[in-house]
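Next come the structures, one after another.
Two complexes are shown next, each including chain A; its partner changes from chain B in the first to chain C in the second.
So, the complex of A and B:
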């Protein structure tokens, strides 16, 4: 196994509001290894974006770290001062957002924005910064980089803009690249190109990627490992094969059955109800209210992460030795049949 | 299929937008199709392909630049009589993408749903009006206790249900759904799609389903039209379109669908579409029925080539 570069342990993040504290992240634990892509999947409000914002030290003013730790290169991020964060944020951990237009300055040429980033973090001359910027634009496969440097963001298409944002994020050769729904605003064909580019860059630069998305199709393409989040907790984590072909948590099952693939016929198996309000999170397993597999204990005590294999963990009481054996939905059974095929 | 009743027919429809003095954007450029009664007709394409403009032109939010739209054989575009206009307004309803933007934040749910009923004078008493609204709420999985609430008190999925209830209240024949689920979470999407399918069965509806998510369109549609830069480039039954994509744009679109399946994703081969493969300076392309019920936009020589590709 490769080296750990980031360790998140029992992280809890809350936001103070007039109505009380919203417990957005309620204990998530995961590691990030060098050069891998970890996808975090979940619905809106599941805490996936808050988790990565906590890693970047970018919580809103009413947000605070309630508990847990985030270790990066021997630094405890939850206790770092804003001034010290400057040497990490953008430099060692960089981030790409969903909408490329909002992360670029419309009044500045793309070249200026890139060179400024480079000059801020490195001690280089104007000329060196310029050359480096041209190289970066070339790296993200935009044709004619030198003349593109002089253009403004509005002169680029959506896909090209996202490429520029990726170039900016890579400007300081970060060790971790966090991508928060980077392709959601793009068309399918453009999305496919950006994903291909990100996969190539990961190989080329050896940067570790945390990829946040709600689209399981995208996850299947990019991820080495997958963490599924629900109501502020990681409910299942494992390698891509384990999550897609051998899932154990009823929520993971629900996500997979509620999405049609090209062969789906008949009714979709939707997850009933809506996610819980994290102002007053339910006692026990937060998914129990929506799950047909819920048992009495699910309403009393939250399940711990049960170990399935060295790399695969799921937080459901169904894995307890006293739990009854349940049969997952037919689609999941079919997926599990393919697990032996991939694990060989 | 030929003897099925046609509910909506679009003939050579164009909708151009003027940008400044000289520039013209041909958002919809000479397209024709028919929607059969009781089917779900999927319209897919990327942003800027003209799929939403098509839907909006049909429901008369835009005036067509040229072309005609017929409903049940009667022409509905342009200037029509007051009675016809009322008929169209009642029988074609729309569901929008953003359920927050399409509901008036200062109106109660009851009034939102009853607005169409009031306009078309479909109820005679206060009690009848309320009963109808409650019936609609129950139809979409909400209930009486939601009557007095405002849109902001609901979640995204619930708001979309209210949007559907409002559209359904006037008992329309055709519903134009413009990306009705793309703003919703995965687990909620399935609920809304199941609801739409149930309603279609019980209320004898026809859908024009506009979306960019191809696996969802394949799942819900009987026939699919693929749009590219204002043109329909291919139109076929959904089975046929996925089995036998002929136009290179359709092929590239199908090859880009992300599937929740790492094995196929690893083997994926994408095609990118390059419009310069067509040599339309020499030959004029047109939409041709290449095999029964499968239309493709191509030039005569391309038709010959496509014919050999059909499996």
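So, the complex of A and C:
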């Protein structure tokens, strides 16, 4: 196995509001290895974005680290001063945001926004920064990079802008690239192009990627490993194949059965109910209320992460040795069978 | 950009022509003549009317006046010893422009700074103070403020002079002394500008600071002040620039009263007296200068807008 470059342990993040503390992340644990792509999937409000913003130290002013640790290059990010974070952000950990239409400064040329990042973290001359920026634009496959440098964001299309944002994120050759739903706001053909570009760049530059999305189709295309988040916790984590073809958590089952594949027949299934209110998170397993597999203990105590394989963990009491054996939904079972046929 | 500017200037000429024409005929539609003083006999009045050719048909008078204007002659004042209107206005204009420009510049700058501080330190003491000042500033009429200042700062404390005094080295009024006397009139006018700009700036900047590109700028590793200076302020200022024009109107109407309060020998007294006495050419002249001032402010604002916001920068000229 490759080296760990990021270690997130029992991370808890809350936001102070007038109604009380919203516990957006309630214990996330995962590692990121060099050069891999880890996808974090989950519904809106499951804490995916907050988790990565916590890694960047970019929580909103009312947010705070309640517990846990984020280790990066021997530094504890949760305890770092804002001043010290400046040399990490954009330099060692960079981020791409969801909506390229709004994530560039409309009053500054694209070139200036690119060179700004380069000059910030490297001691370079204007000329060097400029040449580097031109190379970056070339790297993200935008034609005529030199003349594009002088243009403003409104002269670019959505897909092109996202390429610029990616170029900006890669400007300082970061070790970790965090992509917060980078394709959600794009139309499908552009989505495919951006994903292809990101996969290429990952190969080329060897950067580790945390890819947040709620689109399982995208996950299948990009991820080496997948973490499933629900109500502020990572409920299952494993390699792509493990999550897609051999999931253990009832929530992952729900997610997978709500996604059609080529073999899907009849009606798609939806997960009943809505995610819990994180102002008052439920005791025990947060998914129990919506799960037909819930047991008594699910309402009393939150399940720990049970180890299924070296790479595969799931937080459900169903994996406890005393738990009754349950069969996953038919679709999951079928998929698993198909997968084992293919892999044999 | 150059072509656009030329077009706009051509439009200004057209606008001024229309204003002049409408005003000219409106004045003739008003009852009375410039010589309705009961002390004047009918014969004297007739004499005066002939002297100024006021008995001619209005259209003839109009073309004559227009010809004069084209040659830079805006007629003479009937009441002020036949002094040329242009000369009268030019002698008064600097005072009005000085006070107004000071008020506008000071108001906008202070407003932007305070508004920005309130947005940056949101929900802090500064923010609350700015909110209160903003409400007071827009709701207190400038003449109440002027009276208040004169009572406390001039009469009670004696910190400021009551009246405006133009530079006059013979009387020992230096540039600095004259400037000192403009502080109160300018500030009385500026409070409205400060509070409008401030409230606008605050809400715009709060919005900008919550925008995605600010988050991205922070994610690049910029510190808070770099983010604000390089990315936030300029974007927040775009909408603020648009309200400068309407505020300039507010200043001009406000100055009519404020100039009276502080004895500023500006356009306002000229205008009020001219209107009271039907001094046709003088009214026309003052009106035209007020219009010109306003139109020029609007033009400057429009050009500024293009400079600040690349999205509306005009075609035909890059940058």
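What we mean here is this: the second predicted complex is superposed on the first by the 336 of 344 C-alpha atoms of A that agree within 3 Å, B and C clash if a C-alpha of one lies under 4 Å from a C-alpha of the other, contacts with A are read in each partner's own complex, and residues count from 1 in each chain.
Heads up, the rule we're going with is that a residue touches a chain if its C-beta (ideal position, glycine included) is under 8 Å from a C-beta of that chain, and two chains touch if they have at least 3 such contacts.
Quick caveat: nothing in here was measured; it's all calculated off a predicted structure.
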Side-by-side fit of chain B and chain C on chain A, or clash: fit
Partner, of chain C and chain B, that touches more residues belonging to chain A: B
Which superposed partner A:50 touches (first chain B, second chain C, both, neither): neither
Partner chain in contact with A:91 - chain B first, chain C second, else both or neither: second
Partner chain in contact with A:269 - chain B first, chain C second, else both or neither: first
Touching partner for A:120 - first (chain B), second (chain C), both, neither: second
First (chain B), second (chain C), both or neither touched by A:102: second
Vertex chain A; arms to chain B and chain C (CA centroids, nearest 10 degrees): 70
First, second, both or neither for A:83, with chain B first and chain C second: second
Which superposed partner A:165 touches (first chain B, second chain C, both, neither): second
Nearest-approach distance, in Å, of chain C Cα atoms to those of chain B in the combined model: 14
Set intersection of chain A contacts, chain C complex versus chain B complex: none
Chain B contact footprint on chain A (complex, rising order): 43-44, 187-193, 195-196, 214-221, 240-241, 244-245, 254-256, 258-262, 264, 267-272, 274, 338, 341-342
Footprint of chain A on chain B - complex, ascending: 46-47, 155-158, 185-191, 193-194, 197, 212, 214-216, 218-219, 242, 252-253, 255-265, 268, 270, 272-273
Touching residues on chain A, where the partner in the complex is chain C: 56, 58, 82-83, 85-91, 94-95, 97-99, 102-109, 116-117, 120-121, 152, 154, 165, 168
Chain A-touching residues of chain C, taken from the complex the two chains share: 211-213, 215-224, 230-231, 234-235, 238, 308-311
